[in-house]
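In the two assemblies presented below, chain A is common to both, partnered first by chain B and then by chain C.
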Partner chain A sequence: MEVKPMVIKAMSRLLNYLGLATAYIRLNWHAHLEYRGAFLSQLIAMLLNNLMWVAFWVLFFTRFPVLRGWTVQDVVTLWAIAAAGFGLAHAIYGNALQLATLITQGQLDVWMLYPRVLLPHLLLGRMNATSWGDLLFGYGVYLGFVHPDLVHFVWFVGLTTAIAALFVGFSVLTGSLSFYLGNASALSEQWRFAMLSFSTYPGTLFEGGIKLLLYTLIPAGFVAYLPIEALRSLSWIHAVWTIVGSIAVLGVGIGVFYHGLRRYESGNLMEMRG
Partner chain B sequence: MTAVQLAHLYKTFTFNRGWGRQRKQTEVTAVDHISLNVPEGQAIAFIGPNGAGKSTTIKMLTGILHPTAGTATVLGQVPWRDRRTLSRQIGVVFGQRSQLWYHLPPRDTLELLARIYDLDPQDYRKRREVLVERFGLSEFWSTPVRKLSLGQRMRAEVAASLLHSPQVVFLDEPTIGLDVLARQELRDLICEWNRQEGVTVFLTSHDTGDIERVAQRVVVINHGRIVLDAPVSQLRQQYLSEKILSVQFHTTILPFPILSGVRQLEATDYTLKLEIDTRLMPIEQVITQVLQAGSVADMAIEDPPLDAVIAHIYTQPAEERSP
Partner chain C sequence: MSLLHKYGLHKYGWIAWTSARSHVAYLGEVIARTLFLIVILYIFLQLWRVTYSETQAQQLGGFTLAQMLWYLCITESMAISAPRVAQEVDQDVRTGALAVQLIRPMSYPLYRLWSSLGERCVRFSLNFAVSAVLAFLFVGAIPISLTGLFLFLIVLPIAFILDFLMMFLIGLGAFWLEDTTGLVLIYSRLLWLLGGLLIPLELFPESWQPILRNLPFATIIYAPARLFVHPTWNDAIAILLRQGVTLLILAIGVQWVYRIAVQRIHANGG
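Presenting the complex of A and B:
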């Protein structure tokens, strides 16, 4: 009986949050466009960087057409999904990459003064310029190189969104270490770097202990294997595991953040937003 | 009605030093059983030297930090438990933390804040107009914050904290780094808001001018404890027994005698400035001596600057403090 009002309330909250997120994205764009030259050069540099890697793989596959069952198309799809997922995550939730520093320097204070759920609000506060380059590259290379039909493209969009959630969760998880270790900025960055590196190599390359690692501590398996398999044969089982893995990483990230928040001790550093 | 209530509020921070068996935990008490009531509409200055526990107290009262022990309520709500609900009713300005977007004009931040606080668009526009007019924001309304002077930025900062019509405003060193004129402007605005809108003001500052101009009551804390709680008007009159006596003479003055509790700050042929400790020497006896020293043209008895009063409170032993 009370389910309907609850659903309406949840929907209204979601719409309200989407409105807020849109306002932040707009403001973040304005802030970045204050220095449009720097912004565009960062964006283009990231596009070129990713393209160079794809060019490397294309050259590789001209010599070895199949690598453990994967073709050049699969590897390009992998790069497209990883880049678009990472890009989408941090183009909107750019503060996820800054979380360790924000905690260490006591900069959560300002965010705690607003009548909003802390984490989803805090993450919106910054946009990562290069992430837009990743996002554009991901979609561009998938459409331009793989030439998907509509169904594959819809699956790609869905899987990219799931991967974005995974990257947000992972960035939140690594950043939240600062609650426990004091200054975990460097560790957080290295852990994220390991995740990104493993996310851009074919998942079929790894076996045994490393494979276990790729579904636990460095959950790159949810980026570099499952979604590619899902897209190759429109496999629901792989798609569902991708989504389950993403939700799990996001859940762990959120859990660790709020557990750590109890240990937050603020600070007195000078700070400006934007 | 009470706006802010603290009962034995206590906060410690734990620091770990060393490695392995040498590892030791050190506990530092930042706030030591503070109890305090602030009625609605009052402007209170919460002052103390660096590290006294002022900012930690404000952070607990705004829900940022959890206390180690004790309780506090702001507008009847427990800040660290009801943080989100309470944040709609309080405004906070940290002098060292900005909520304005550095690369964007104040206009954009206010629009975002309206969205964050879910303000009705019509109410927001009305409130914005009032704030723009009262805080003189129109002259830099469309200028990116990075191009504003510190005084303009702080005006925008305080205006932003008032956008959602809070009932209590916490101002943590709002005039830090401002020049004399900007400080004066900001004090007047805070004062005006407190008196006309009935907003409760909880102010921390190192600037005694802020305290004199804005607050009706002063609470001094040191080492996390309240060492004085008194009306500002009474602070100088009742607390410190020293007075400054400045005298001008028509004629050259005779040598002034050495009196217990009286110190000559300045002496020329026609002027004399004395610091009198009235606990040791009644002021009328000093005046009698002054009248014998020459023909008096003018005389003024002044309180010492509030800076000196505060410094004296910080250094005075606890048993001598008498609010």
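Presenting the complex of A and C:
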């Protein structure tokens, strides 16, 4: 009897948040379109950057057709899934990439004044322009290069959503270091760089202690190995582990953020938001 | 020395020296890049270790595994030591700072060239020191002769100058274009892919190789790295010839575009 109202309340909260997220996405999108030229050039630049990497892998696999059981199609799928996941995460939650700076400069104050849950609201505050390039690239290259059937495409959509959650969690985790270390922007960037680098090379290349690292400190194994194996053979077990990994990283990120928030000191910063 | 003074060249030496000294001050930035180098060289090591093992080859494209990693250690050090020349020239054009530079008793392109060379020498040396230690730890040393080192040190600064000229040309694009960021990105990615940053030219399809060797990208990245691991006089002469021709063409191109660009400057105020 008591469960039903709780479910209704949770659903109502979720719908309310989705409404807020839609409004922010629309607002951020229009803000970027005010500088249409710059937005498009950033978007195209990211597309070109990613295409360059695909060209590298095509060249590589022309010379060496199989790498520990992986073909060029698997590596292109890896790039598609990593780019689409990262793009989806930061096209919507762009502030996740700015978190270290926001904390260091005391800019959380303004977000704390809203009658909203802090983290999910704060993350919506900015849209990362180049992430749209990643997102477009990911889906474009998967559809255009891999030619999936409907079932594979549905799995791809599900897995990119899980990876987007992982990237949001990881960005929040690395950004939250600033609560503990002061200005951790450089460290946060380096950690994120390591994650992205390992996420864009075949997971089968790594073994031993590094493999352990890739499922803990730098959770790239959940991007560069498990989802690709899941898609290759429509393996539920790999898909479930991808989702478990994403939820774990997101959970750790949220936990570290709120733990660190207790140490946060106001910057007494005057700020206006238009 | 007197000849340098006669033609006013000593001041450019001072510009390079000042730029180098100011970048030595930013050692923290170099340390921050160490993680980048560790990660990227480790990934490359694994990629090529697996490739060599799967193909059961001792050499690929004439490179052993150790030579491949040392090759990549040079190319990565070169790539991440590149100064932001195009962005700085772009800023000078947009902010009007170029007009101020023009009244100084020196050539603006030469000022930018020597300043970038000073910065690049420091950054390359530090990055190379770090990546050489890593390569040594990962795969051990490779035989390096004094002649090889000498040839590398001749070709390397010319490669830096060629890269500067390409970036300077792109920066001058700010006179005509709304935004040169896209051009910088396209150039850097072409340099990475066609210049042999990630994979030596010997591993490209054979029909591509003669074309790629004659493009400016290869003379900037591939040529010095290749000479470092495989130094021969014949290769060095061929590379110097290609670099010389590219240098001539780019220098004429820069002078021509710069002359046209400067005519578009309109200075107002006092």
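Here is the rule we go by: the second predicted complex is superposed on the first by the 267 of 274 C-alpha atoms of A that agree within 3 Å, B and C clash if a C-alpha of one lies under 4 Å from a C-alpha of the other, contacts with A are read in each partner's own complex, and residues count from 1 in each chain.
The rule is simple: a contact is a pair of C-beta atoms (placed from the backbone, for glycine too) under 8 Å apart; a residue touches a chain by one contact, two chains touch by 3 or more.
Since this is a predicted model, take the numbers as computed values, not measurements.
**Q** Should A:Arg36 be classified as contacting the first partner (chain B), the second (chain C), both, or neither?
**A** neither
**Q** First (chain B), second (chain C), both or neither: which does A:Lys4 touch?
**A** In the superposed model, A:Lys4 contacts neither chain B nor chain C.
**Q** Touching A:Arg262, do we find chain B (first), chain C (second), both, or neither?
**A** first
**Q** Would you sort A:Ala45 into first (chain B), second (chain C), both or neither based on which partner it touches?
**A** second
**Q** Could you look at A:Val110 and tell me whether it touches chain B, chain C, both or neither (first, second, both, neither)?
**A** A:Val110 sits against chain B, while chain C stays out of touch.
**Q** Who does A:Thr62 touch here: chain B (first), chain C (second), both, or neither?
**A** The second partner, chain C, only.
**Q** Contacts for A:Asn16 in the overlay, against chain B (first) and chain C (second): which applies, first, second, both or neither?
**A** first
**Q** Enumerate the residues of chain A that count as touching chain B in its complex and touching chain C in the other.
**A** none
**Q** Enumerate the contact residues on chain C facing chain A in the complex.
**A** Interface residues on chain C, with respect to chain A: 32, 35-36, 39-40, 42-43, 46-47, 50-51, 54-55, 178-179, 181-182, 185-186, 189, 192-193, 198-199, 203-205.
**Q** Considering only the defined contacts, which chain B positions touch chain A in the complex?
**A** My answer: residues 13, 55, 59, 62-66, 83-85, 87-88, 92, 94, 96-104, 108, 111-112, 115-118, 144-145.
**Q** Once bound in the complex, which stretches of chain A touch chain B?
**A** So the residues of chain A touching chain B come out as 16, 19-20, 23-24, 27, 30-31, 34-35, 107-110, 112-117, 121, 262, 264-266, 268-274.
**Q** Using the touch rule from the top, collect the residues of chain A that touch chain C in their complex.
**A** Residues 37-38, 41-42, 44-45, 48-49, 52, 55-56, 59-60, 62-64, 66-68, 186, 190, 193-194, 197-198, 201, 204-206, 210.
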